[in-house]
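The same chain A turns up in both complexes below, where it pairs with chain B and then with chain C.
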Partner chain A sequence: MTARSFDLAVVGGGLVGAAVAWGAARTGARVVVLDEGDIAFRASRGNFALVWVQSKGMGMPEYAAWTVASSEAWAGFADELGRESGIDVAHRRPGGFHLALSDAELQARADNLKRLHNQPAMQRYPYEILDRERVRGMLPEIGPEVVGGSFCPLDGHTNSLKLLRALHTALARAGTPYLARHAVETILPRGGGGFRLLSSGGTIEAARVALCAGNGNARLAPMLGLSVPVRPQRGQIVVTERVQPFLHHPVVTVRQTDEGSVMLGDSLEETGFDTATGLGVTGTIANRAVRLFPRLARVNVVRTWAALRVMTPDGFPIYEESTSHPGAFVATCHSGVTLAANHARLVGPTIAAGRLPAETFAPFSARRFDVPQAA
Partner chain B sequence: MSPERRYDALVVGAGPAGLAAATTLARAGRSVAVFDEQPTPGGQVHRAVAAVPESRRALLGPDYARGREAVEAFLASGAHHIGQASVWSAAPGRVGVTVGGVAHLVEGDAVVLATGAYERPFPIPGWTLPGVLSGGGAQTLLKASGLVPEGRTVIAGSGPLVWLLAWQYLRCGLTVDAILDSTPAGNRWRAAPHLAGFLASPYPVKGLELLRAVRRSVRVVRGVSALEAVGEDRVSALRYRVGAGAWVEMGVDTLLLHQGVVPAIELAASAGIRQRWDRDQLCWHPEVDAMGRTPLAGLYLAGDGTGIAGAEAAALSGELAAHAILGTSEGGRVSGLLAQRARWLRGRRFLDLLYQPAPAFRVPAGETLACRCEEVTARALGEAAALGVPGPNQLKAFLRCGMGPCQGRLCGLTVTEALAHHSGRTPAQVGRYRARVPVKPLPLAALAAMPATDDERRAVER
Partner chain C sequence: MFRRLPDAPPATATILVDGRAVRAVPGESVAAALLANGIVACRTTPVSGAARGPYCLMGVCFECLATIDGEPNRQTCLVLVRDGLRIETQSGARGLGP
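Coming up: the complex of A and B.
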């Protein structure tokens, strides 16, 4: 049996893989997307859908700049994707809040943002620390315990499920095959160049390969001479029934979707590959949400779930080409929504062209983890 | 009544299985709480049986009235009945339940899920029009409130309840204008090999006389292969075809649809019990043994929630689960119960195959709604399937089907079977929606009151 052959095989059909694949396919490359089955660790179906800037980049100013660039590009990306897929992904950028329930929380917030922006080479972006009254002017329904918050006008949100569907629809319209139930087991570099991907659904050949498999990258990367030290970090989320619009700015842990339901997040838990939910964590999420917005007390919860973030040791993305196996790339991050615009407009096309320009991508190499931590 | 903090055993559901389990456990000296959504015990099949007037009980027939004995035995057993309770989570050792708007986590050494069944979806054009009800919903109104439809009434579909409901209406003096029987003609031949088991089971005594009585008084159209409800603000007519024949239209004020019931597996699935596709009943069955034991120690399942077998078999399985909890030695009473239940199950196979609904009534087409809550059409399912989605959970992410207040109960089977149809796979290969906690909607304030450890709080507060 001869394997099907492509210019680029993207491993992973989540938000990162789909955005990279779409960006590559638009340059004319013959792309294929390989994905697992219906039940898999899918961060793309479980995320919180913020397109978020504030508080990003502590320890890596280049990541702050990369995030701001994607946030700036998002509206144009959403328009373009809407035209090619026929799906409005409900992107809004009204500015977002991080709210504090005590003076200590507010002070810690202010200190963090100050330290972030005081970093050398930091690309500063606008934000403000607001007291209770100024917050209330923009979020009239806050509860009595809210003492203030930070506001960043670059923050926004989208409907990440529509985003995933729009990317898949655009891929289908671009003629890019999406092969679900093709969990990639082994990748074999071929003698004369190119790669052979052995999957549960059959074998695929491609001149280039892009690993966009989330936590699966840790296992696949060494086959291509790459090191991708990612680990799962659980986040639990609560979602309510639909209610009349009342929240016109996303808050980092509370946002009202374009469909009216209210999403409440989220936890940070080091529990390995375990997507169980627990009443202690979802209860705490609910408790804080009710204190932020008391009207939510009466609203019904219809679902809770957990998903696994894809975390590197420092929390920042990895974009890298293999030096031992040219043509093999990895793109991994835990902000597949925020960075979708960059992935579609920059990462996909450059991978299709065969190289990641060092001036943009060198800081994101996993080689940063090889340096022993200085005292 | 509010629940205590803990009991020896917790039973979810006060139908035949739950009542039998609770009665047996309480008689053996165990403290038992039974949680149920209805105010009074009996379940769907014996809904309100101890509360309805004697006259209505008589009209509904001997099978319904028989439920009263089970309810009275239960009430005398010392088990706590906690009615109007919504169970939204279950796990070994613990049940999450809302009673009177207050959420409780109740502990119990053994947890028995006797969640029963609900009706299979019947997605035909116009099925969401006012005036179109499910047969089971109509029967609920009759049992609980004595309400019957007004005007021209047609019952359409297949399965024993179609005939039972018609019979009950006739006894109430109501005219049923027609029964449109959608049972595929070929089913008879597939069911025939199992006729002996059916005849040897207690079913025929129940069914045949009732069937004859209905046929004498109601016009029955057999072999209905297509059906639509028609109307502007509410149903005013229906259209149907027999085989490949011409469309026939008839005026109607109430159209009652029913094509069997399927296990309510959501609570068991959310607790982590695996489900397997049953090719005869065309639905999911949880992994459970004949004694109601599951792979999770301390979690038991009983009744129609484990596979459709009817009220009598459900009561037997409830008692068996109680014996599994009590550690009653095999043999004696237990073997007798197992043998009785096996007779019902053998008879059931014939009914399953005879009344198996046709594919055309399980997999909708065109603009017919598959998911009523989120208004997802059959066409949209097909378009998403063409993107190569691997299964129902990706489909749910793409279309929101199954994300509404019913949490997928009304569209889960439709979505699985539609995706199987579009992708040329079996339902077992396609899989099902993951069941998410809370299985029933829960006010955020109730969730906010749940206890948390310091670690759990720290995972959120940052």
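Coming up: the complex of A and C.
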């Protein structure tokens, strides 16, 4: 039996895989996407859909710069994707808030952002610490406990379900096969170059392979001489019925979607591969949201869910080519929405070209974890 | 489209639908009262603006939403008729409320 052969096999059809695949396919490469299908732990269908900048990059200024670049590229990316897919992903960039419910919280927030921006080599971006009255001018529904907040004009949000659908539609229109029920079990280097991917749905051959399988990358990477120490980190989300627009800026824990639903979130738990929800966390999420916006108390909750972030030890992405298996790449992060523009415009095309330029990607190598722990 | 069974109890209650008095059977669901009075659409959807009316009549489809005594997005199939209930049909998404 002859396996189907491609220039690039992307393992994983979530937001990261779909964006990388679309970016690669647009360069003319013959790309295939292998995906577990609907049984996958799909962070892309459970995330909070922020395109977020403020507070990112503490400990790695290059990540702040990478995030700012994606935020800047997002509007153009959304336009292009809209043209090629016919789907408006509802990207907005009105600036976003992190709100504080006490003076101590506000001070801690201001200190954190100051430390972030004081890092050597930090690419600074605009933000402001606003007092209660200035916040209220922009978010009229805040409750009496809100003392102020941080505002970053680069922050925005999108509809991440539409984003995933748009990427898959664009891929299909570009002639890129999406193979569901192709859970990749083994990846073997081929004599003379390239790779064989043995999946539950059959064997595929490709000159290059990009691992974009989220938490699945931890298992697959060692087959290609890579180390990708990612773990699942659970986030729970509460969603309300649709209401008339009242919240015109996303808040890191509360945002109103383009269709009117209000999403409440931002929990994190270390619970392994477990997507259960519970009243302890969802109740806390709801309580805090009502303290921020008291009139939410009268709005009905229609759904709760949990999804699993793809988390590295330091929280930053990994983009790397294998040194032992040239042509094998990994791209993994917990910000598949925020970084989608970079993945489509930079990561996909550079992987298709066979090289991740060191000046951009060297800081994101997983070799940063190969250092002895300090005593 | 709908009519009551011949042995239905008498419609002795009055409810207000968008300010108009209509007759209803005490204890039947508001959804049933709307349908019996020829009111098949009780709202329009927030996203497309399409008309919606009672469908499953058993509390699962959330199509039959209307404002009842000032409370928006009530499931009319789960609220029983009492004399004097005020029903308002809804246009698009509800507001935040008081």
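Just so we're on the same page, the second predicted complex is superposed on the first by the 372 of 375 C-alpha atoms of A that agree within 3 Å, B and C clash if a C-alpha of one lies under 4 Å from a C-alpha of the other, contacts with A are read in each partner's own complex, and residues count from 1 in each chain.
Everything that follows uses one rule, which is that contacts are C-beta pairs under 8 Å (C-beta built on N, C-alpha and C of every residue); 3 or more make two chains touch, one makes a residue touch a chain.
These numbers come from a predicted model, not from an experiment.
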Overlay on chain A: chain C relative to chain B, clash or fit: clash
First (chain B), second (chain C), both or neither touched by A:F246: second
First, second, both or neither for A:E259, with chain B first and chain C second: both
Residue contacts with chain A in the superposition, chain B compared against chain C: B
Touching partner for A:R298 - first (chain B), second (chain C), both, neither: both
First, second, both or neither for A:V281, with chain B first and chain C second: first
Contacts of A:R45 with chain B and chain C, given as first, second, both or neither: first
Touching partner for A:E141 - first (chain B), second (chain C), both, neither: second
Colliding region between chain C and chain B, picked from 20-28, 92-100 or 146-154 after the shared-chain fit: 146-154
Residues of chain A contacting chain B in one complex and chain C in the other: 241, 259, 296, 298-300, 302
Contact footprint of chain A on chain B as seen in their complex: 89, 96, 105, 384, 386-394, 397-400, 403-405, 407, 430-431, 434, 436-438, 441-445, 447-453, 456-457, 459-462
Chain C contact footprint on chain A (complex, rising order): 141, 241-244, 246, 259-260, 295-296, 298-300, 302
Contact set on chain A toward chain B in their complex: 35-39, 45, 161, 164-165, 168-169, 172, 177-181, 238, 240-241, 259, 264, 266-269, 277-290, 296-305
Complex interface listing, chain C residues touching chain A: 46-47, 62, 73, 92-98
